[in-house]
Amino acid sequence: MDIVIYGFIQSVALLLMAFGFSLVYGVSRLPNFAHGALYVLTGFVAWAFVNRAGWPYPLAVVGALAVAGLAGLLLYQLVLKRIRGMEMSEVIASYAIGLAILEGLRWWGFRGGTHALPTVSDGVAFPFDVPVDHQRLLVVGVGAALLVGIWAYTRFSKAGLALRAIAQDERAAMMLGIDSDRTGMLAVALGSALAGLAAVVIFPLGSIVIEEGYKVLIYALAVCVVGGLGSWVGTVLASFLLGFAQYVTVAYGKPHYQMVVMLLAIVVTLVVRPSGLFGRQKSLEERV
Amino acid sequence: MSGTGPILELRNVSMHFGGIRAVENVSFRVEPGEVVGIIGPNGSGKTTLINCITGFLKPTRGKVLFHGRDITGMPAHKVAQLGITRTFQIMRPYHSLPAYKNLVVPLCSPRARRTGGWRGGGRHGDRDTVALDILEELGFERDSRVPFQAAGTLPTGYLKRLELGRCLALSPEVLICDEVFSGLSASEIASLVPLIRRINEQGLTILMIEHRLRELFQVARRVVALSYGEKITEGPPEEVTAHPKVREAYLGSEEEGC
Amino acid sequence: MNAQPQRRKERIDRGIKARAETIYALSSLEELAYLLGPRLLFIVGFLALPLILAPWPYWHRVALSVCVLGLVSVSFDFLANQVGLVSLGGAFFFGVGGYTAALLNTAWGLPPVLAIGLATVVGAGICAVLISPCLPLRGIYFAIVTLMYPLLMTRIIEAADILGGTEGFRGIAGFSSVWTEAYGLILGLLVGVFGLRRYLAEDAGLVIRAVKENDQSVRASGISVAGVRFKALYLAGLLGCFAGAYYVHMYRSVGISAFALDLSILPIAATVIGGGGTLVGPVIGSLILVPLSEVLRDFGSLRIVVYSLVLAGFVVFRSEGILVFAARKYQQFERWVEV
C-alpha cells in the first residue's frame, strides 16, 4: 500500500512541476526553459516575504505567486516576444535567462540548505493505514484542484477557450481574431505562476536549494517528452508513469538512480517515439 | 537495359494514413524508354504514389518492382542510387547555394561516383564543370550570372529546370516528374516540352504526374488515370480521355473551371 | 511619403570576388594582402600568444583555456550552423574525450601525446555512435536530448560508482614542457578551425550544407542523410574530444565536472557573440568570454549571470555576432546616395 500512496503523491508532485511547462508549450509552442528557475525564484521570494518582510504566510504565498506571474510576463514581453517562432532561439534565450536567475540567486546569498518554507501543519493522517503528513496531502489536494480548475477554465471561460483554440491551430485562431501575442503572454505568465504554485506546496517538504531549479526543469521536460510535447492528457498520464517509476527506484534501488530514470526516459522516448506516448503531432513532423 | 521485362512495375500498391486511403490497390507497368503520364484530380493520390515508388513512404500493402527486383520500402536514398529519381512538386532547391552547386550535391552521391553521373563526366574531372554542362543543356545561359546566382533568388522557371538537373546529374534510368508544368506560363511550358522529349530520347524512362493534359499528351504516349486513390483506367491519351469515368472525375470539372 | 528622407545608405562589395563565393580574381599584391591579412593576423596572433604571455604564467593558462573553450565552441558552431543540429550537450564531447584520455594514460600508461591522439579519434567515435540514434530528431527535440547526455553521464558515474565515481582520476601525466603544452593546443585549434573551413569548402562540405538546407532533396539525390550527419557528428566530436583530452592532461586530473553545464552553455555564448556560422567567430567569442570570466572569478556565480545575460541579449536582439559584423565592414564600402 505504501507504494500506491507514496507513488501517487510523487506523481501528483511531478504533475505540478511539469504542468506549467506543458501548458505554455501546448498553447503557444514556447519551450520555456526558465521554468525551473521560476520555480526556485518563487520559493525564495515566498521565503523572503515571510522571513525578511515579516508577512503572514498566506499573504506571502499570494505575493510570491504574483511575482512569479509577473516574472513570466516580463520574460515574454522582453525576451520571448521578439524571437517568437524561432524555436532554437527561444530555447537558448529562455535557458540563459533561467541560468541567470538561478546563479544570480546563488550569488545573492541563497545557498546551502538553510532556507525552508513552513509546512501548513505538522499533523499526520492515516489514509489506508499509511502515515502521510498533511503537507503531502496538500500537494495532492492542490494537484487535484489544479486539474479540475484548468479543465473548467479551458472548457467554460472565454479566455480559456481561446487558449485551447490557439493550442489546436494558431494560424486559424489568429484568423478568427484571437490575438496570439496576448495569449502567448497570458500562457507564459500563467505557466510561471503554476511553477510558483508547485514551488510553494512542494518546497515545505524539504529546503530551498538552487539545484532544485535544474532538477525541476529536467523533470518537467521528462514528463512532457514522455507524454508528448504539447499534449495535456499525455502530461497527466506521464506524470503518473514516471512518478511511480521514481518512487519504485527510490524504494528498491539507490536514490541516485532516480535522476537516471528520468534522463533515460527522455532519451529513450525521443529515440523510439519522438511524439511521446500521446503526442498529437505525426511522427513525420519531428523526424526527417 | 537488362532483359525485356518492364523497368518499373507496381503490384496492388496501397497507402493508408490511419483511416484515409490515399492510394488503393494500384497496379501498372512501365516499359523501358516509355513516357507514361499519371493524371487525376487534386487529392487523387498521385504524389503519394510517387512517394511510395521512391521510398519516401513505405506502402501499406503491395509491391514496387524495378527491373523485376523488389524495392518496396527501400530507403529513399537507396532507391535514388538504383537510378530512380524524382522532382518535387514544391521545389526544394538549396536556397543559399549557387545554382550550379545545387547540382554538385547529386554528383557527390555514390551513384554518380560509380557511373560518372551525367554522361559519365563526374567520374574524372571537375564536378563544377559537369554541373555547368548540365545547366547549359537545361537552358541556363553559361556566360550569364544565372548559374552562379543563389538558387533562392531564381524565378520559378529556372527552379523547375534545376529540379530536373538535380535528377539528371545522377544519370538515372527512370525520371519521375511531379507536376513540372504547374506554375509555369504557356511559353515556359512550350520550351520545357522539347527538353523533356530530348531527355527521353537519350534513353530515360519518364513518369510524369501532370495536371496540364494538353501539354502532357505532347510527350506521353500512355496515361494512367487515378481517382480517389484508385486506378480508373490506362491506355493511350485519346482512349483515357474518352473513358466516361475519367470525364466524370477529371475532365468534367476542368471544363467547368476553364 | 514625402516626409521620407531622400538619401539612403548604399553598400558596395569590394570587387575581389568573381562570380561565386570561393573564386577570387586577384590582380595585385595589395589585394592578396587584403584577402589574407585577417587570416594571417589570426594565425600569427595565436602562435605569438604564449611568447607574449610568457612572463605572466596565470594569463598564459587563461590563454590556453581560451583555446580549449574555442575548440568546443567551434564544434558547436559547426554542428548548429553548418549541419543544422543544435546541440546543448557540448560537455558530452568534452567529458568523453577527457575520460578516454585519462583511462588510456592511467590504465595503459600511454604517454600524453598518444593518449590525446587516441582519445580524440576513439572518443569522437564513441560520441558519434552514442548520439547517432538521435540523429533523425531535429530542432528542439535534438536540443533536449543532447542536453540530457552529459547529465546522464554524470548521474550514471555517480550512481554506479564507475570511472572513479565522484572522485574521478588523479595523477594523470602532464606535458614535458610548457612550450609543448601551449603549442600542441594552439596547433590543434588552428588545424581544427582551418581544417573544418577547408572541408566545408570542398564538395563533401557542400553536401553537409545541403543537408541543412533541404534534407529531402539530398535523399532524392541518392545520398544518405543519416550518413552525412553521422560524419559531421564525428568531425564535431573530434574537436570536442581533443579539447577534453588536452584539458585533462593540462590539469592532470578529471572528474564529473568534465560533463558540467558550463561547458555546454559557454560555447553557445562564445558562438553567438563571436558570430555563428563562421567557425572563427566562436574562437573570437572565447577570446572575449574566458578572460572576462577570469576577471569575474572572485564574484563566484555572478560570472555565469553575466554571460547568460549577454547570451540572451545577443539572441534576443538577433545580433549577427562580432566577426560577421567586422567582416561585412571589412568587405564593403558604405556611402550615402541621393534617392
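Per-chain residue numbering starts at 1, and chain names A, B and C are given in the order in which the chains are listed.
Here is the rule we go by: a contact is a pair of C-beta atoms (placed from the backbone, for glycine too) under 8 Å apart; a residue touches a chain by one contact, two chains touch by 3 or more.
Just so it is clear, the structure is predicted and the values come from calculations on it, not from any experiment.
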| item | value |
| --- | --- |
| Chain pair that, of all pairs, has the most C-beta pairs in contact | A-C |
| Closest chain to global C-alpha mean, per-chain Cα centroids | C |
| Between chain C and chain A, distance of the C-alpha-averaged centres to the nearest whole Å | 33 |
| Distance between the centres, which are taken as Cα means, of chain B and chain A, whole angstrom | 50 |
| Separation of mean Cα positions, chain C and chain B [Å, integer] | 41 |
| Chain C, residues touching no fewer than two other chains | 216, 219, 225 |
| Footprint of chain C on chain B - complex, ascending | 54, 56, 75-78, 80-81, 85-86, 88, 92-98, 100-102, 104-112, 127, 145, 148, 166-167, 169-170 |
| Complex interface listing, chain C residues touching chain B | 19-21, 203-204, 206-207, 209-210, 213-214, 216-225 |
| Complex contacts: residues of chain C adjacent to chain A | 80, 86, 88, 133-134, 136-141, 143-145, 148-149, 151-152, 155-156, 158-159, 215-216, 219, 225, 261, 265, 268-269, 272, 299-302, 304-305, 308-309, 311-312, 315-318 |
| Chain A to chain C touching residues, read off their complex | 31, 78-79, 82-83, 87-89, 91-93, 95-97, 99-100, 103-104, 106-107, 214, 218, 221, 225, 229, 254, 256-257, 259-260, 263-264, 266-267, 270-271, 274, 286-288 |
